[in-house]
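The letters A, B, C, D, E, F, G, H, I and J name the chains in turn, as written, and every chain counts its residues from 1.
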Amino acid sequence: MEFLVRSENNLPRDTPEHVQRQLRAEERQRAQELREAGILRRLWRVPGRNAAIGLYEAADATELHTALTSLPMWTWMDISIEPLATHPQEMPPS
Amino acid sequence: MEFLVRSENNLPRDTPEHVQRQLRAEERQRAQELREAGILRRLWRVPGRNAAIGLYEAADATELHTALTSLPMWTWMDISIEPLATHPQEMPPS
Amino acid sequence: MEFLVRSENNLPRDTPEHVQRQLRAEERQRAQELREAGILRRLWRVPGRNAAIGLYEAADATELHTALTSLPMWTWMDISIEPLATHPQEMPPS
Amino acid sequence: MEFLVRSENNLPRDTPEHVQRQLRAEERQRAQELREAGILRRLWRVPGRNAAIGLYEAADATELHTALTSLPMWTWMDISIEPLATHPQEMPPS
Amino acid sequence: MEFLVRSENNLPRDTPEHVQRQLRAEERQRAQELREAGILRRLWRVPGRNAAIGLYEAADATELHTALTSLPMWTWMDISIEPLATHPQEMPPS
Amino acid sequence: MEFLVRSENNLPRDTPEHVQRQLRAEERQRAQELREAGILRRLWRVPGRNAAIGLYEAADATELHTALTSLPMWTWMDISIEPLATHPQEMPPS
Amino acid sequence: MEFLVRSENNLPRDTPEHVQRQLRAEERQRAQELREAGILRRLWRVPGRNAAIGLYEAADATELHTALTSLPMWTWMDISIEPLATHPQEMPPS
Amino acid sequence: MEFLVRSENNLPRDTPEHVQRQLRAEERQRAQELREAGILRRLWRVPGRNAAIGLYEAADATELHTALTSLPMWTWMDISIEPLATHPQEMPPS
Amino acid sequence: MEFLVRSENNLPRDTPEHVQRQLRAEERQRAQELREAGILRRLWRVPGRNAAIGLYEAADATELHTALTSLPMWTWMDISIEPLATHPQEMPPS
Amino acid sequence: MEFLVRSENNLPRDTPEHVQRQLRAEERQRAQELREAGILRRLWRVPGRNAAIGLYEAADATELHTALTSLPMWTWMDISIEPLATHPQEMPPS
């Protein structure tokens, strides 16, 4: 099942630079693992903000929650989720 | 997967009474079929409104959409859906 | 009477890990007591968030308030409540 | 249990005057019955609007729903409800 | 004139317990004085929140402001006010 | 007591021109009467909209409601009201 | 440039069935043309609603507007658009 | 003084095509007059909607209101206005 | 040109009392200067809040911005502004 | 492609004055570079607020994001972006 996941990253601005770099590297690595697991499909930047919109695929919301909370910066993220249904135009002809 | 489904019924007030009765009977019957299929789990009335909140279970949002659009009064409904993840407190002890 | 209870947990991120573990354990225990008292009926996780949606049953809003404020993490919770009326489809046939 | 009930009356403006008078008379009468039943406690006008705020008391949201839908003009009303808990300052000293 | 007063109490959670007890006692006492002055008519708890809804009566908004700002915890309160007009159904028959 | 009154005029666009002229003339006349009665103090146009913001003065919200509903176009108006308290800077020196 | 396009279809419910079928067929065909032109990338159904979320790619907002207004049902659509920036994680390694 | 003017055009969809063409032509002509008068500075289309955002310049909000209401399609427009102050970076060096 | 200016004063509660007194005195004095300059016309208190609504008059939004930012407590204020157009009923008969 | 960029500057009030001056100078300089690059077209102050509205032009949202994040005070800014399509009235006659 596909989900649209909107996340604002509220990592405090005064977080030491080296910690930020470390977290971003770990975040990039974990995201890559989620890509390889077929969970993270696409990721866009919301222009002008420290925020992203992602297209995720998971068996259900419970699996999605597990994936999202595995992101190193999850605890600083304000996340909202929209469930997506398959559109008739993208269904294989019956 | 479980979903919380909120629906406002905007059936026009001037719909002839006999049509309303017919639709409500068909709605009740279809809802019962969804219960028996294990899709409609619980249904509550929003006090004071022609609106309901339902707990549904479906494989994914696509199956849920199919179930909801099969309700006779769906075309008059304003629906919003929240995906629900299993809470750790309700998970079987690992 | 049934209520839908939505709660965002705003426990500060920099709360020491051991305190968080302690609070979560106490929370789990208190929730279990509320289950056994027939007050907490169902509990879901809002996917992606440190938030939950619960189905509660209490004599009235006053009893519900007492139950919720008995939760160890209540003071950090942002809670909103919806009263639920019994739906005609779930009423015993008259 | 007490409830705060907010209702906007959307009776179409072009409803014939005699129908409006009839409805208002029936509404006043039904409201009086609800007062005598101890269900309708107080009723205020929202200044400037065809809207009211009422303090209601009912066993639960289901009984409240039954009372509200018994009002002749209910079908034209846009209603929202807030459950009220007893404030500690209004509890008899324990 | 009657007013509906909604107040969220944002007293910081880390306020020392004895200070909180002191403030609550002073708040209770001041509220009682406002009751005796006929200004505070009813007070309800918003279930699940450190918030209240009150029915107040004052000559005008200026007197109401004076009463509210006299509450010891006013400075931590987020308050919104709705003016209430007398409903025709509660007017003495002309 | 002073009130800020915001009103959107939703007179249907297809109202015959002569009816609109008649209503506007009656509206202007009634407004003038309210000015002379000291109830309507100031009136501004919301630029770009068929809407106005008015400064009214009335004994209370009930009197204000009576004044507003006496306006010929009231039934087409969407009105919201803010109670105003006297600012310390505009109080006579104590 | 990529855009997230959210559209609610407000085709009047009482549109004759054959007209609806005709419009849906034309819509499906036009959407297919936009796919082949590389403009419409993905399309999802918002579960429970006559609404869709689409991932579009266009040179700019003007080209996107031209594409959207070419959809037969555009005139009945309530559309909102979010511009998407490429996320660093999806940029080719510099 | 500059203003940002946002307008949604709610011209009914079933307005005869020839009337729509006529109105659009008159609208284009009037807009051109406002450009030549230095009142309409820039005009953008909100992508996907029958809506526009305009940069206007007028002596004050009253003159702006007069200009906007002179547009043939004004009566079908839902308009909101933001006043703009000159930014220090665009002020001539003092 | 007239403006309606809404301001919430977010001066931190733990600001030392003598600093608050000093700021309020300076604020009162500056406001008086703005009155004498014909810029600040009326000022009301929002009942129950540390907030005000003011009627200001200035050549344009730039002059208004300069006036508002000259207030000693401006930096703690959350301000929103509505431009006001002269109402036909308050225009001198043409 | 043009964008409307709204930004609230949340630079903490207790930032030392010399740091604020330094940041503002760097911000002014960077903005000037963006002007010269044809990216920043116009900039207005939101009257009464430490906020701005800018008209930007960039190849796409990714280039816009790069430009905005190059501003020294970006990390303290709360930014929202609206994509703008060319209006037919501003298109060269076809």
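Basically, contacts are C-beta pairs under 8 Å (C-beta built on N, C-alpha and C of every residue); 3 or more make two chains touch, one makes a residue touch a chain.
Because the structure is a prediction, the values reported are computed rather than measured.
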Most distant chain from subunit D by Cα centroid: J
Pair sharing more residue contacts (C-beta pairs) when A-G is set against E-I: A-G
Between subunit J and subunit G, distance of the C-alpha-averaged centres to the nearest whole Å: 29
Subunit B and subunit C: spacing of chain centres that average the CA atoms, whole Å: 23
Between subunit J and subunit B, distance of the C-alpha-averaged centres to the nearest whole Å: 46
Set of subunit J residues in contact with two or more other chains: 2-3, 45, 47, 61-62, 64-65, 81, 83-86
Chains grouped in pairs wherever the two touch, ordered by label: A-B, A-C, A-G, A-J, B-C, B-D, B-G, C-D, C-E, D-E, D-F, E-F, E-I, F-H, F-I, G-H, G-J, H-I, H-J, I-J
Contact footprint of subunit E on subunit C as seen in their complex: 3, 5, 7, 61-62, 64-65, 68-69, 75-77, 79-81
Of all residues in subunit I, those that touch subunit E in their complex: 13, 45, 47-49
Residues on subunit A engaged by subunit B in the complex (per definition of touch): 1-3, 59-62, 64-65, 81, 83-86
Subunit E contact footprint on subunit D (complex, rising order): 2, 4, 28, 31-32, 42-47, 52-53, 55, 82-90
